C-alpha cells in the first residue's frame, strides 16, 4: 500500500493555489505539511481526499481507504460520546470497541452528550472517530487545535503506535509540534503564481 | 445505511422533536385558516381538502432545510461522502428519515384535523390514501432542493422557492383526489397519478440530489 | 474545425461583435413594421374590438417565454456534458429575458382578459402552467444569484434546469387534468386559436413573431457577452488580489 | 444602531436576497391555494382576504429564525451583548430590518397577488392598510419568538409553534378589516385594532425579547 | 483601572466547575490561564465577561470596558474584511483605521469576502476586531488557534505594544506558548469538587 502524489495542482475559489506537488508515502509513513496561513494546506488535503477535483496531476492510493478530518469533525451535539462513535463505526461496517475510547481518554465521558464537552474534549471525540473507522490513509487538517499537551501526546501515540505501526499512512497539516518523527514538507515553494494556468476562469483571460 | 437512518431518527427525536413539531405546524395552519377566512361552515367544507393538502405541504416544507444543512455545518456530510456509502443511498435515507418524522405523522393526523375544517366524512379515506402516497414525493423533492441549497447561508427561503413549483403536480393530483372523494366521485385516477409522481421522484431524484451534493461539497 | 470552437469565450466575443448590430437592426425593424401594420392597417375585430391587437405582443412573447426555457435546457445539458462556459452563461443570460417575456405575456394576457372575460385572471390550464413557468424562472435566477462560486452555480443551476423541465411538463398535464371538470375560460380561449385568426391578422402576427425571435437572440447574445465580461473582470480581479 | 441596521440590510441583500425571497414565498403560497382548492372563482373571491393574510403571515414566519440565529452561531450576538448598545435597541433594530426585508415588500406586492385570487377591487386599499399596519407587529412578535429559541439547534419549527398563537389576534383583526372592505362595510374599527396590537407589541416586546436573549446567552 | 476577581465560583450546565478563584490585574498587566482540557477556562472567561452569572464571588472592572473573544468570532462570511471590521467599529462608536488591518497583516486581504479566507486568515480577522473596538479589558479564549508562528508573533506584538502598553488588561486562555511575558495561572487547583455547593440543582439535594 502506498500514497503517491504526482505533480498535483489544486485550486480554490477558481484560483490556482498550489502546483507541482509530488511525494510518495509507503505503508507506515507519515508526512507533515507546513507553511504559513493561506499557503494551501487545507486545499491540498481536500484535494487528496477527493473532496474537490485536482486541477492537474495524480493522486493514487487504494480506493475506499482514505479518510479526511478537519475542524468540522461531524460530532453531533445531541448524541452521546458513544453514540457518536458507534454511528461512524457502523457506517464503516465496524464495531465500536473500548480501546478507541481509552486511546483518547474518553472512557470517563462516554455517556456525556457531546454538546456538554469542553472544546478540547470535543476535539478528542472527533479524533477518536479516526480510531474507529479503520481507514488506512488519513488526511488530517490541524488535528490538535485546542488540545492540551497531554492530549497532543495521546494523539501522537495513537498515530505512531496504532495507526502507522499497523501499516497506515497519514498526511497532517499543523502549525504546532506534534512530537512525531516524520518528514516535513514545506508548501511555500509550491505556491502557484497568481497567473498560473488551470484556474476555472482561465478560458476567459 | 440503517445506522444512518437510526441516527437521523434519533437526532430528530432528541432535538426537541421533528415529529411533534411538523405536526404542530400542520395543526396551526389548519387552525389559522378559519381565523383568516371566517367561520362559515359551508365555505370551510368546500375548501377543506385543498387547505389540508396545502397545510401538509407547508409543514413538510418548513423542515426541509435541515435535511442536509446540519450535517453540512458540522462536517458530517463531507465525512459521509468519503465513507463507503453511495451518496445516492445517503440521499434516500435522508428523504426516508424526513418522511418518517414529518410525512407519516402528518398523514395520520390529517383525518382528525379534517374535522376542524368540516371535511365531509366520505373524503377521509381518500385523504389518508392521497397523503400517504403523496407525502413521500414531497420528502424526496425536498431532499433534492435541500441538496441544491446546502452550502448557502440563507438557504431556507431559497429552498422554498425552488421546491414549491416542483410540488405543484403532487399537490394538484393529491387535492383533486380528496375533492373527488368528498363529492362522491371516484378518485382512483387521481390517486394513481399521485402514485406515479411519487414513483418517478424516487426513481430519478436521488441521482440528481447526489450530483448536487457532490458539487456542493467541492 | 469543430462547431464547439465557437463556444470558446474569446472566439465567441469575436464573432458576436459584428453580428450583434445587424441582429438588433433586423429585430427592431421587424417589430416596428409588424406593430405599425398591425395597429394601424388592420381592421378591428367584429367582436373583440381593438383589443384584439394585443395579440401582436401577447402571442410572440408567450412563445418566446416557453422556448427560452427550452433553450436553457439544451445549453445546460451542453454544459453538463461538454463543460463549455459560454453555453451555461448563455442559459444564465436567457433566464431574465425569458422571465421578462413571461411577465409581458402574463401582463398583456391580463389586460386582454379584462374586456374579454371580465376578469384579469382565471385559473385556466394554460395561464396556470405559465404562472408555474414563471416560478421556475424565478427559482433558477435566485439560485444563480445565491451562489458565490461561478462553476458551482453553473453546475447546480444546470441540474435544477433539467429537473425543473421534467416537472414543468408534468405541471402542464396536471393543470389540464385539474381544470378539466370545471370548464372555465377554455371556451373563450378556444375561440382565439390561430386557425380562427383571420388572414388580415395573420401576416403581421408572423412578422411580429419573427421580430421577437430576433430580439430574443440579440438580447441573449448581448447578455452573454456581458456575463463573459463579468467573469473576465472577476477573474482578473481575483488574480490581482492574490498577486 | 444605524450601523447594525445597515449591516443587517446588507447581509439580507447579499446572501441571496431577504427581499426577493420572502416575497417569492408569499407569491407561491397564493399560487398554491387555488391548486389545492380548485379554480372556481366565487370560492376564491370568498377566501381571498383570509388567504392573503395567512400567506403573508407564513411568509413572515419562515424568515424569523434567521433574525438572531445566524448572529448567535457565529458569536456576533455575544459580542453585541457586550457592546455599548442596549439589547432592547438591538432587538428593535433586528425587528425593523426584518420588517423592511419582509413585511414591507409583502405589503406592496399584496394587491397584485390579490388579482390571482380574484380579490374584489374595493378591498385593495384595505388590504394595503391592514398589512401595512399589521406586518410590523408580525416582525416584532417574531423577533421575540426568535429570541426565545435562539440557542436551540432545531429552533425553526419550535419557533413557528411558539409564535403562531401570538399571531392570532393580528391575523383576525387584519383579515376582518379586508373582508369588511371587500363587502363594502366600514373596516375602520378592525384597522384601529390592528394598529393597537402593533403599538402594544412595540411598547412591550423589546423588553421581553432582550430578557430572553440575555438568558439564552448565559 | 484594574480587574479584581475575588473568590469567584462558576458553573457550567448546572454543575460547579471552579471555586475560589481570586486574582488582581492592574492596568498594563496580562494573565495567562493554563490547565488541561475541561478544567474550566472557557467557563471562567465567560463568567468574567459577564456572559454567564457567577455562582459566588465578585468580578470588578470598569463597566463597558470588557470584551470577550472565542472561536466564534462574529465574522460574517458574506461581508468583506473591511466591512466586518467597520461594523464592529461603528457598534462601538469608533472609526476603522488602517493600523488595525496592518497590525494583523490583513491589508492585502481587505476587500476579500471573509468566506474566502483560510482558517488562519479568518482568525486574524477575528483578532483584528479587538484592535478596532478600543476595549480595555480583554477576555480571550484560545485566540491563536490555527495561526502560524508569524501570526502568533503579530498577535503577541499587538497585545504587548498596542494593548498592554496603553494601559489595557488581558486574560488569556491558551495551550500554546504566546511569547508574551506574563504571569500564568494554573486552574487545576481551583477545580470544584463534584459535590461542591452552589450548583443550580443544589436545592434538590
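Just so it is clear, A, B, C, D and E label the chains in written order, and each chain counts residues from 1 on its own.
In this text, a residue touches a chain if its C-beta (ideal position, glycine included) is under 8 Å from a C-beta of that chain, and two chains touch if they have at least 3 such contacts.
Remember, it's a predicted structure, so these values are computed and weren't measured experimentally.
Of all chains in the assembly, those touching subunit B and also subunit C are A, D.
A count of contacting C-beta pairs for A-B and for C-D identifies A-B as the more extensively joined pair. With centres set at the average Cα position, the gap from subunit C to subunit E is 56 Å.
The centroid of the Cα atoms in subunit C and the matching centroid in subunit D are 34 Å apart. Per-chain CA centroids place subunit D at a distance of 37 Å from subunit E.
Between the Cα centres of subunit A and subunit C there is a gap of 49 Å.
In subunit B, the residues that touch at least two other chains are 15, 152-154, 158, 161, 164-165, 168, 172, 218. Looking at subunit E, residues 71, 77-78, 116 sit in touch with two or more other chains.
Shown for subunit C are the residues that touch two or more other chains, namely 132, 135, 138, 142, 146, 178.
Interface residues of subunit D, counted against subunit B in their complex, comprise 15-16, 18, 21-22, 24-25, 28-29, 31-33, 35-38, 43, 46-47, 49-51, 53-54, 57-58, 62-63, 65-66, 70, 152-154, 156-158, 160-161, 164-165, 167-168, 171-172, 175, 179. Note for the complex: subunit E touches subunit D at residues 49-53, 64, 66-79, 83, 87-88, 90-93, 129, 133. Remark: subunit D residues 2-4, 7, 10-11, 14-15, 71, 73-76, 78-85, 217-218 touch subunit E in the complex. Contacts from subunit D toward subunit C in the complex involve residues 15-17, 20-21, 24, 27-28, 31, 34-35, 38-41, 44, 115-116, 118.
Subunit B makes touch with subunit C in their complex at residues 144, 148-149, 151-152, 154-155, 158, 161-162, 164-166, 168-169, 172-173, 176, 190, 193, 197, 204-205, 208, 211-212, 215-216, 218.
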